[in-house]
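Structures follow.
In the two complexes that follow, chain A is the common piece, with chain B as its partner first and chain C second.
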Partner chain A sequence: MNEKLLVVCGTGMGSSMILKMMVDQVVGAQKLPFDVSSDLASGARSSGADVIVAGLDLAPTLTNVPATVIGIKNILDKAEIASALEEYLASKSDGED
Partner chain B sequence: MDILKVIVTDILGDAAFLVGLFALVGLVLQKKAFPDVFAGTVKTIVGFLIFGVGAAAAVATLGNFQTLFSEGFGIDGVLPISEGVTALALTSFGTQTAIIMVIGLLANLLVARLTPMKYVFLTGQHNLFFSAILAIVLSASGASDLVTVVVGGLLLGFFAAFFPWLCRNAMPKVTGTDDIGIGHYVTIGYAFSSWLGGKVGDPAKSTENIKLPKSLGFFRDYVASIALTMIVFFYIATVAAGKGVTDELAGGTNWLVFPLIQALTFAAAVYIIITGVRMFLGEIVPAFLGISEKVVPGVRPALDCPAVFPYAPTAVIVGFLTSYAAGLVMMGLYIGLGWTVIIPVAIPYFFIGGTAAVFGNATGGWKGAVAGSAIVGVLISLGPQLIYPIMDSVGLEGSSFPETDFTAVGWPLYQVLQLGTGVGIAITFAAVAAIAAVVFGIDRREKSRRAVASEGAAQ
Partner chain C sequence: MTERNEGTKPTGLLDLIPEQGIVLGAPAKDWHELTEIVGGLLTGAGAAEPAYTDAMIRNVEQNGPYLVIAPGLALLHARPEEGARGPGLVLVTPESPIEFGHSTNDPVRVALGLTAVDATGHLDLLSAIGSTFTHRDAVDRIAAATTVDDLRAVIAHLTEEN
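After this line comes the complex of A and B, so read on.
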């Protein structure tokens, strides 16, 4: 089962769309187990996502969201996105052991 | 030839089908599989149709607000929010706007390829807003539809590369790299904020050393933030107008409950509009980036403003508060002067004021952030004031565009077109050619300066 990954920004129109494209590329290239979609931050709580990816400024404000929240500093930096996602997957498999 | 008439006027004349057709062609050219082509085309059309639904809801509440405000205060009140005014514009100028956007995206690639302005503007909603204001200004000046879409498209393409170029030096001071640009049409404000920051402050005394209450981050929640602004100003207008006027509009609803429902309906309308935008852009933006990487060597993507927020999150809040205060001062000034009252809606002030502060902070610390966002707060109140008469003249009442770059292009364009369409367009293209010449000149100077600097470093 793939994890549900939601990319959010303030309006859901601009930077989340670019960040989603970058996450898509990382997920596609490394064959990571994520289904990726995007929305505005107002919709994060009701999304049912397992993991939420947002800008580093927005991420700390998503406090009452029942998901792991990942903040990205440079939304075009695929290496940063890749290491954040790998870290998330590693921490998850640790929890299951 | 009834079938031809159906195709030309009912299908191609419908903005939603037209953008769907462009999406279809784009998807086929990318050699996508049939399910992707179908889903992409349908989503583009449905996204565009969703605008219309949101626009209808927004128009009704904006109309009620206008009535209450003008009855209560004897002057017009305008709520500048680009999502709203664009949705209104699409009901009258949808086809022109859609074609301008398509020509504009292609022209952007051409300009980025041929000039030193290597930016492709990836903030789709801002290109849509820009297309709408160009369609409004050209159509309001009596230009034919053909002239409107060709001139509008070429102008959009040029300025989509030019405005991020304007911030070519300011942007690396924020992000530390020069491979991305700012794709948000307030670049005049941001470049000014960056310059001003360097004059007034010290980047070492950063906003990021300040602790602010976390609850202020509330304003970045789009729905909550719009709802709060609208509730406050709807109640002010309702109380000023009084029970009699409100009862006439409310149709049986209690007059003190009516503004609450209206304010929240407006928030719902804007939410519908941005949902439509997202669906509509979901196919276009990735395709645009993919094509640009192929046809423009050394391309720099120009990104929406929240891309800079992680570099100074506290500055964003400082900038919102400062620019919003400036917006309230300007509102007081308009009331005093008896002008159309530009009411500060929180959302543009959050994103624009916040970004201005990030640029100001990068060159001048907290002083730069405050100074830059205060000036930009004034500019995004003056801009809609200047162009509101143009909106009003084509029946788009109650809203306007806050972004500085829209005013900087739209207002002079409207003025020169009053001299006659032919003369106006000739002057406009002469001005664009002059700007391009200056860009080439500056680029040559900057390149030779960099060459000298790197030679000096090598020795």
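After this line comes the complex of A and C, so read on.
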């Protein structure tokens, strides 16, 4: 089953939508098992997401969220996004062993 | 608007920025001043009310410097209901690099100002930003442009490389 991935930003219309485009491209190109959506940072807690992706400086504000939070330094760097998602998937499968 | 594109090569990002929406080498001494210059261009282009500028400043203050989305690149914006009048995009390069307080992406050498009135009307703007600035040296090359013609050539080149 796919992991639920939520991309967030402060207003939900600028950087999170660019980041969502980039995440969609990475997930599509590498066929990673994620369902991707986007929202305001304030919607993160009730989203039911497994993993949340945000700009690095927004990530620390996402406290008490029942999901893994990944902070991305350069949201236009697909290589950084790809390695962060692969690391997350690797940590999931370690946990299952 | 369609006439401008006839017979010329599309330049991507620059087709979406009005001529009066570009300032290269702006004399801003901090992020407040830079954001005010960006806001002035959005207002001048008819994309925003003056109140939108204050809302962009508040967004940096309240949500932190996350608007610095990549090394050297700020994407300044507020929410649609905070004074946006239509989808708009402007570009400012400061005379000297500007600190926003971001943990890894400071200082800012290219600032974009964005308005949107709904969730989807500005997706072409975001997509052009994404495809232009995914190039590693895009910020360096755009920050180095001193005239709009330079900028046009740099962006056309970045667009072709995609």
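Everything that follows uses one rule, which is that the second predicted complex is superposed on the first by the 97 of 97 C-alpha atoms of A that agree within 3 Å, B and C clash if a C-alpha of one lies under 4 Å from a C-alpha of the other, contacts with A are read in each partner's own complex, and residues count from 1 in each chain.
Rule of thumb we're sticking to: contacts are C-beta pairs under 8 Å (C-beta built on N, C-alpha and C of every residue); 3 or more make two chains touch, one makes a residue touch a chain.
Quantities reported herein were computed from a predicted structural model and do not represent experimental measurements.
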item: Fit or clash - chain C, chain B, common chain A; value: clash
item: Which superposed partner A:92 touches (first chain B, second chain C, both, neither); value: neither
item: Which of chain B and chain C A:42 touches, first, second, both or neither; value: first
item: First, second, both or neither for A:9, with chain B first and chain C second; value: both
item: Which of chain B and chain C A:74 touches, first, second, both or neither; value: both
item: Contacts of A:56 with chain B and chain C, given as first, second, both or neither; value: both
item: Partner chain in contact with A:17 - chain B first, chain C second, else both or neither; value: both
item: Chain B region in steric overlap with chain C, selected from 9-17, 27-35, 135-143 or 171-179; value: 171-179
item: Contact residues of chain A, present in both the chain B and the chain C interface; value: 9-11, 13-15, 17-18, 21, 41, 55-58, 61, 73-76
item: Residue numbers on chain A that touch chain C, as the complex places them; value: 9-11, 13-15, 17-19, 21-22, 41, 54-58, 61, 73-78
item: In the complex, chain A residues that touch chain B; value: 9-15, 17-18, 21, 38-42, 55-58, 60-61, 71-76
item: Chain A contact footprint on chain B (complex, rising order); value: 122-126, 175, 177, 179-180, 183, 214, 217, 220-224, 271, 274-275, 277-278, 281-282, 285-286, 289, 301, 303-307, 309-311, 313, 316, 350-351
item: For the chain C and chain A complex, residues of the former touching the latter; value: 59, 62-71, 73, 75, 77-80, 102-105, 114, 116, 119, 122-123, 126-127, 129-130, 133-134
